[in-house]
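Look at the two complexes coming up: subunit A is in both, with subunit B in one and subunit C in the other.
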Partner chain A sequence: MNEPILTVDNLRVEIPTRRGVVHAVRGVSFTVNRGETFALVGESGSGKTMTCRAIVGLIHPPGKIAGGSVVFQGQDLVRLPVRDLERVRGSGVVMVFQDPMTALNPVLTVEQQITETLSRGEPPLFQRDRAIELLRQVGIPDPERRLGSYAHQLSGGQRQRVMLAIALARQPALLLADEPTTALDVTIQAQILRLMLTLQKEFGMALILVTHDLGVVYQSVDRVAVMYAGQIVELAATAELFARPRHPYTIGLIGSVPSADRNRLLTPIFGMPPDMIDFGRGCPFAPRCAWATEECVDREIPLAAVGAEHWSRCIHVDRLDSAPPRPAASPGGVSGG
Partner chain B sequence: MAEPLLSVRNLVKHFPLPHGVIDAILRRPPERVRAVDDVSFTVERGKTLGLVGESGCGKSTLGRCILRLYDADAGEVRYDGVDLMGLDDAGLAPYRKRMQVVFQDPYSSLNPRQSVGKMLLEVLDVHGIGTAGERHRRVIHLLTQVGLRPTDAQKYPGEFSGGQRQRLGIARALAVEPELLIADEPLSALDVSIQAQILQLLLDLRASLGLTMIFISHDLRVVRYLSDDVAVMYLGKIVEQAPTADLFARPQHPYTLALLSAMPEVGGVSREAIAVEGEPPSAVHVPPGCRFHPRCPWNVARCVEEEPELKELLPRHAVACHVAEDRLA
Partner chain C sequence: MSTLVQEQRIVADTGGRPRLHPAMVIGGLMLLVIVGASLLAPVLTSYDPDGQDFDQILLAPGARHLFGTDNFGRDVLTRVLYGARIDLRIGILAVVFPFLFGSLVGSAAGYFGGWVDTIVMRTVDVITAVPFLVLVIAIVAFLGPGEVNILLAIGSVGWVTYSRLVRGEVLREKNLEYVAAARALGFHRWRILLGHVLPNAVAPAIIFLASDVVLVILTTASLGFLGLGVRPPSPEWGMMISEGREFLSNGWWVATMPGFACMYTGLMFILLGDGIADLLRVKGQ
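Take a look at the complex of A and B:
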């Protein structure tokens, strides 16, 4: 069932600041298929959240979408008038955020916030039943009583469940989840993630999961896009990506996670992500990369196919299997992080 | 076997909740947060103990009680044979030098108006380490030791990134050449690639300085990577404790199993998921019997009635669970 539901093409997001323009998203392209679980992976500042916000049209001024298109079910959301966009946002694409406390309205009850999203014109009694049903679906115990609760009366996990209930009220075809479990405790994280994946199947939704947790990606998603400095640097099916990473940054990320094997040394990436204002033309990862050559800095590196359904923004793909020619930077001397 | 560097016995720390006039009139009993509730463990010289649990389980309070940043209500903290609980401030001073802490949020634990060099000099000054000239050299040495530049001494904390600030936090802790380093979630505020840098730094320093460590974290993956022993805490109590390899190969407590299955691993086989329902209860209203029973998939009648003791059910492997005990008997 490889029918694309979302096609993002050459998306660019810019945010003017006093220091200059921050190029938060720099030409991001990918597609998400109907019912698929897709992950955007990257560290803070990599542009993964901004990409999602651009998809749902939630870039706050003075930030703006500077180019590209976001085609959802045949409509380009970037060019859609705001009124139509609101309609799409309600029933087509929804986003849940990292911090449900700030995303929920503190002065409205749970019931008010869910019914607000339900289609208008339905009788209030019906709406109440729907709200109860939704709360039950997201695993809120005693939903009738919870209808009258306010956000501050709920625990972090329950707030995220209520967020999901609101998101699901209009039966969206695509759910964007921006680090939905980061603010939660470990066992609650697992609950919410499991719930999201169950609901995704139940509702037949596509899911874009924004995360920095490679373990979660490994165990639960179909395809992965790795982002660095506002670009997708690698895109592949999950199993393929972990078995044969074809970008030094991906290799670095995987090597940064402590593994079960204590004999396997950690191979941290040294240095820091680049300044998002002042870019050279070349690969933004080159200063931290052990394989980098002069060629990497000289020209723009395109995202190129390196295997079946596998793309990488690296010109040294063939050399990555051998050990790096030099350590990226000495861990002791010049400081990183 | 030599005497352990640190030995904690039956440590208790409760925080009283505000008890107002109305509560008194209504004769409500005063309530307390039972942050640490009868915890015992030892750490041998040169070893690292990983202390794992979710927020509110008391792992940070425990760390602070050991340092006497909090005064425990009961129990004993023996450091190198001396009971720290009985010491006054003056008596404690030498031990404050031998134990240091690195906090989670390096920014809030640094003074924004003090340059890094001054901050480190002050630490050396307070503890009376070296002459003025030696102190300056020591500051430079500390900065390079944690991977910063000597010129960074002139900068203020605000000029550093999160990872660099954590390096500063570590430099400050190392300034007094401690034997025991308590690291309280030192990686949580950092990005993945930066986490690995700091983790590697801690490993290098541990090896070169022969540090004894207590590593407090919610992340079992990190704890597995660097600990010799692991203690899993839940609501103020240790529920399982074992040498690291053993704990991960043969986890016994359902809460440990739940934590493990909640942490998907790259390349790991997905474990049989132990789904834990509900959320941790508050440490004010601790459930009777086993504290974990309301969320436990194994819950039997005895769990509600009787609190399980932490018992050595396998060699050096202690578990507080009735069901595990019956199974292993």
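Take a look at the complex of A and C:
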């Protein structure tokens, strides 16, 4: 069961800009098992989307993968020739994008876009049937009529369903979903998410869900990697992570999720994520952290095991259960780092 | 109740489908008329376009000769109708090939960038630096007059506008998410460019196509006027205007009638172009 399908090792993504090199992803490593639901969580700019795009080799130039490996079913996608990579993308790994408004081609019909993904050589009528079947599987009502529709004739939720139909057409082993529900109405978000999880079980796929919504993660994901400033700061099984968070940033994230059954104030994380060009050597979260000491800024903090299948990039793990020694950085204040 | 639902469905349906612009309908009818008339010319008139009749020189428009006759006694209407074949053929061929070539080259330049882009766009700059008509006249003067040479000359200059238009659109389109999505599905880059990006980028070029036909027909007429066009006695409109120029005082119709034909054709393609532009805008949204 725990057979890894994807192993990302020390992945680094760099984007040269006029101000200097942006280190978008800084040595990310994780594995995803066959049929597993894995989540990458973090705030905007934490490198989760870049990690995702790097896996399928879709970093926009001038950005590039600066190092590391992405091994999918025994092949290192980073070093694979373009031709082979294209084959893997079509049938092995598929990515669903954040905004279904722009991810569908505006001048092609739904049918054209689905059948183009199906293997060629099949008779057209068969392809049409497959397209209808796929649309039905993703819950599009009246699929025969929808075949001739263009993207602008569909609602946001329907577009994301069509995107899923296209992604599933070749029955990939791994589906990457980059904030697949962020651009949708709240009422539709849950539907699409439930649909994705159902289809994942049905097709036996592994799923990497990129999100900043911890509520989504709690309900539906096997394991979680929390990302901050281009690094994984904590990695654990979902239940373990929520019960025993072992990184101040994770604690902050969980504290900032509204909860209906507990009557408490939300605790925001004050301050801003760090500049992605100039890092100190130490923990990038230290300036915003209530537990930070001098040691945090002085040296590089490695990702260390803190429990069974539980890793954290914090040296104060043992102190996290007690109350923070000082309040976290104040709302407007600049805290030294 | 049920009729209401029915009605709503009908409205929703036509809302999705592009509606025909009135300009498109008028332009289309005009095209039908002139293409039909030029094809049916042998049936519509009993005269020979090159048949000279020295008893009937410079007759004013009348019942027997609707557009009058020229200095050789040839029926002007007949010559205008037969001339439509030549001018429409040149007009359309001389934009279709540049359109295809320019779109392909321009989209490749925009999509792949790098040295492909540099080579294509510098070539375009060089060609654009010389005025269009001057360059065409120079090429025709070098190759010699004749229909094929006119096509070659206009074609080798005309593609640059298309490549510019398409390149600009491709530059915008290629960063959109659907291109990344197509790549994420493992499509080959040429397939993404030709099957996904180009159909989204080609609209301005198609709109320009219609006005370019007008430009090309006028260029052909200008070449004819300068004696660099189709060889006489072919009834090409520009050449007819040029020949009729000498008789403006005693036979205004010889030059004016083919002039009207040019105007008619120009108006027709402009209307068609407007209609197409409207149609593409509807689809793009």
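Note that in this section the second predicted complex is superposed on the first by the 327 of 337 C-alpha atoms of A that agree within 3 Å, B and C clash if a C-alpha of one lies under 4 Å from a C-alpha of the other, contacts with A are read in each partner's own complex, and residues count from 1 in each chain.
The rule we apply is simple: a contact is a pair of C-beta atoms (placed from the backbone, for glycine too) under 8 Å apart; a residue touches a chain by one contact, two chains touch by 3 or more.
Just so you know, these numbers come straight off a predicted model, no measurement behind them.
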Under the superposition described at the top, does placing subunit B and subunit C together on subunit A give a clash or a fit? fit
Between subunit B and subunit C, whom does A:Arg19 touch in the aligned arrangement: first, second, both, or neither? neither
Go through the superposed model and pick first if A:Phe97 touches only subunit B, second if only subunit C, both, or neither. second
For A:Ile254, decide between first (touching subunit B), second (touching subunit C), both and neither. first
With subunit A at the apex, figure out the C-alpha centre angle toward subunit B and subunit C and round it to a multiple of 10 degrees. 80
So in the superposed three-chain picture, is A:Val186 touching just subunit B, just subunit C, both, or none of them (first/second/both/neither)? first
Which one hits more subunit A residues, subunit B or subunit C? B
After the superposition, what is the least C-alpha distance between subunit B and subunit C in whole angstrom? 9
What part of subunit A is shared between its subunit B contacts and its subunit C contacts? none
Residues of subunit C touching subunit A in the complex: 16, 175-178, 180-188, 195-196, 199-200, 283-285
Touching subunit B in the complex: which residues of subunit A? 43-44, 141, 155, 157-158, 185-191, 194, 212-216, 218-220, 242, 252-260, 262, 266-270, 272, 331-337
Within their complex, state which residues of subunit A touch subunit C. 53, 56, 58, 60, 85-91, 94-95, 97-99, 102-108, 116-117, 149-150, 152-153, 163, 166-167, 170, 176
Taking the complex as given, what residues does subunit B use to touch subunit A? 54-55, 144, 147-149, 152, 161-164, 166-167, 190-201, 203-204, 218-219, 221-222, 224-226, 248, 258-259, 261-268, 270, 273, 275-280
